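Order as written gives the chain letters A, B, C and D; numbering starts at 1 within each chain.
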Amino acid sequence: MELVAKLSCADQPGIVNAVTSAILAGSGNILENQQFTDPITNLFVMRTKFQTELSTKEIASKFHEALNRFQINLEIFPAEYRKKTLVFASQESHCLRDLLYLSEIGDLQIEIVGVISNHESLKDLVELAKVQFFYVPRNNQIEIIKLISQIQPDLMVLARYMQILNSEICQQNIGKIINIHHSFLPGFKGAKPYHQAYERGVKIIGATAHFVTEHLDEGPIIIQDISHVDHAYEPVDLISVGRDIERRVLSKAVKLFAQDKIFLVGNKTIVF
Amino acid sequence: MELVAKLSCADQPGIVNAVTSAILAGSGNILENQQFTDPITNLFVMRTKFQTELSTKEIASKFHEALNRFQINLEIFPAEYRKKTLVFASQESHCLRDLLYLSEIGDLQIEIVGVISNHESLKDLVELAKVQFFYVPRNNQIEIIKLISQIQPDLMVLARYMQILNSEICQQNIGKIINIHHSFLPGFKGAKPYHQAYERGVKIIGATAHFVTEHLDEGPIIIQDISHVDHAYEPVDLISVGRDIERRVLSKAVKLFAQDKIFLVGNKTIVF
Amino acid sequence: MELVAKLSCADQPGIVNAVTSAILAGSGNILENQQFTDPITNLFVMRTKFQTELSTKEIASKFHEALNRFQINLEIFPAEYRKKTLVFASQESHCLRDLLYLSEIGDLQIEIVGVISNHESLKDLVELAKVQFFYVPRNNQIEIIKLISQIQPDLMVLARYMQILNSEICQQNIGKIINIHHSFLPGFKGAKPYHQAYERGVKIIGATAHFVTEHLDEGPIIIQDISHVDHAYEPVDLISVGRDIERRVLSKAVKLFAQDKIFLVGNKTIVF
Amino acid sequence: MELVAKLSCADQPGIVNAVTSAILAGSGNILENQQFTDPITNLFVMRTKFQTELSTKEIASKFHEALNRFQINLEIFPAEYRKKTLVFASQESHCLRDLLYLSEIGDLQIEIVGVISNHESLKDLVELAKVQFFYVPRNNQIEIIKLISQIQPDLMVLARYMQILNSEICQQNIGKIINIHHSFLPGFKGAKPYHQAYERGVKIIGATAHFVTEHLDEGPIIIQDISHVDHAYEPVDLISVGRDIERRVLSKAVKLFAQDKIFLVGNKTIVF
């Protein structure tokens, strides 16, 4: 059985040794291992993928035994686990299509358990993919909170969802909601970034996948990418080029999350 | 003889026909031709490279004859002309080195007629390249104005010049001063952009070549480029990666200027 | 009415002037104009988008009048015309999905008039998009020739079609069939390029959109793009990254073709 | 004191644990740690940067003690060690300039101990940088072997050296000689790759840094990069764009080598 352990704690000597002792004690063999110590917070983070014949529960107990002198945050998942994912969308479908297609062919290791939208236009697309569609009109955040509570998703993805989640939802799901912003943050925060980009005459446009916090467009950045554009691109052309960047960046961020490769440290991310 | 004509005027039918008539009247043949009409200002801009047996003066008179019913701005240069370029630098030499080397091997079609610096540390480097070095201490803008007036450069390049030119210089040289800013504008204006980028946790860093205006970091953008970075890059690493982007972007902007391929239209550029 | 004229002929003085005279004679105004003379073949190519009150037929006659002393190839289309496009696919759907979606939202200016496949697995996907699906088993090239002859497409697109068109089809449709090859040609011609790339240990993988000729993977290249990869990418990961490059590159090539921006000159393309 | 350990051996359970035990036994703390197991050769490779109060020799003995049941290859260097580097160049100076400049400012952690050239034209450039210049005419490989034997470099860099090292030199320095080839291998092996690229009409050009083996342009690839080009680029333009890619790719490969981040595994590299 292949497992992934994701752990973090204040850096100090002996952590990696303790982790590898725990894995050895479970007759395990490490397949992949990545670690990083954030120089500002001194937080040590580690992702280890390993083979073992023990169950998730048994190996977790070995970890806690070996690591009990460190105050660690630890998560252990079977490597094959598909994270339960709730997607939010509005009218633009390009990001949603990509998530549905890539999860269907197994390229994204997620199970899309529902799509919430403040419009009904994407209902057919979602239901054809055999995913449940929830129409929740704008500002009915109580309904959204209820759905989150029922579904208990591992991950929420705002796939060009043109509405702000209220602060209660943001606060209770720190590090669990990924948004795609259609500019290279911190450039062009707020509405209509492609129009802002056109006004400013920039020669590159971009998109940013970030964790959602209460502070709009200020959340920890996961990944970003850009395309080169020139004077002949009007806003409609920027939007067209942007669609491709947005879906690519968002799908990649979701893939990394699904593989337990993203750590949230303060207002930044560590991405393996 | 090969000439380049660069012209702009309010868009209206018949301009291209009039230009090509003028070239035909001079027994010329067009080698390259690019044009664009800015949809906001309705300004038409055109760059034409052509062969002719007439002199620059004779062909200019053909142009004015053919185009006298349009109110045009017209510049005609021999295609081989090397623009007289005055470079400004401080202590960082990577951009300056590139300009000196690329102009020496003929890759940049400019003649560097002097380097002004507010430090003396780059003197040897400049003089080895047989270029005149002017040490002008910080805030002696009168001396700078005098030098510009003597040298009459076609182009001024701020190659990581860590000092602001005063508004008189900016206003009298609109569209003639290129600066390299070490971020992808409009992100991270102002000082220490790599440190700002580190604080914000961005996953791309960039550089922007732009025309200098009185308003710092707000000038018309010429070109931009980026590199991907990750959580392991500390400010010193961002600076190292940034060096390569900066010199590449600045040299490319200077190359485009030298080839008469940049048009300034309002607060934007049209780059062929 | 907006029209696009696409013309080519041996380079000589006076062509652009004659074209612009023809447009002026039709009371037209040029909106976009691009031209290039290939230094090897001396072929002059030009794409002009202009406004006029004349019909396509009337303006074509003005062009022929003005240009009758040059031996030109000329095509004139209404700028809004959507090229009739026949798509070929096998089992992989990512490129096909993109073409269907982008043409549906108007981002690709084509009308997909049919999809031919040597498998039945994509039938539902195609019919949901209200496009006709033709199942043509492998090696039934006579059926394909019949369909092409009935449909008379302006463009054929091989969207990961894992079968070779016979030489009759290739020869009769020079410059009209676009293929996506899943490597950066000339690297990794032939089958299983991602496996070849893995064996060689390359650090970039790519995709190439090219016109189809009789000589497999030797056709004129239209556009190419790449992504960076590292030692941890096994063939399945290269295929996953490749999917995104392939669809992006193919859709972009189709977009350029739809806008009459691709000229075939010998074994190369000129792309505006 | 900061040390870097670089080790490889056949993969088996317990290696990481043994390494971390050795470091703990030396009262060390791990700062960076990367590892990978090649799925084809089953070779495990690891790079660990750690702090310790022991000497390099003492810690090496701890490593050998802890790891004596594994047959490991082990190298331990002080993190601050600058690798002794011998550069080979011919007439083109762009790569050499970059190596000299970047090592001078400390951005490349190497000490350039000499430049060998089959031309005398770069002598002044090299001596100005206070580096010894060796003029060795073409085909005098015995002289080169003698110089290598005297200098005992950690690394040799072929910085656009237009001559082939003989097989004796190649065989005795496996994994120690880095070359820059001016194309994206395996495309355009051999001479004049930019001319080959022009003939083929490619839309991207590139450069590849690779370890030198006896088989020209077949060595293990370290890194590669590309730039987009179009039909208007003639060979001289491709060469100009290529210069920038070459120096960037070569300097980056040298930087990675200097940091002990490159492992040679069969005909591939693992690059951390």
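One rule holds for everything that comes next: a contact is a pair of C-beta atoms (placed from the backbone, for glycine too) under 8 Å apart; a residue touches a chain by one contact, two chains touch by 3 or more.
Computed from a predicted model, the values in this text were never measured in an experiment.
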Chain D against chain A, contact positions shared by both copies (same if over half, else different): same
Contact-richer chain pair (by C-beta pairs counted) among B-D and B-C: B-C
Maximum centroid distance from chain B, chain identifier (CA atoms): A
Inter-centroid spacing, chain B versus chain A (mean Cα positions, whole Å): 41
Approximate Å spacing (C-alpha centroids) for the pair chain B, chain C: 36
For chain D, residues contacting two or more additional chains: 36
Sites on chain D touched by chain A in the complex: 11-14, 16-17, 20-21, 23-24, 27-37
Residues on chain B engaged by chain D in the complex (per definition of touch): 93-94, 97, 101, 107, 128, 240, 243-244, 248
Contact footprint of chain B on chain A as seen in their complex: 36, 38-39, 184-188, 200-204, 206, 220-226, 228, 230-232, 234, 267-271
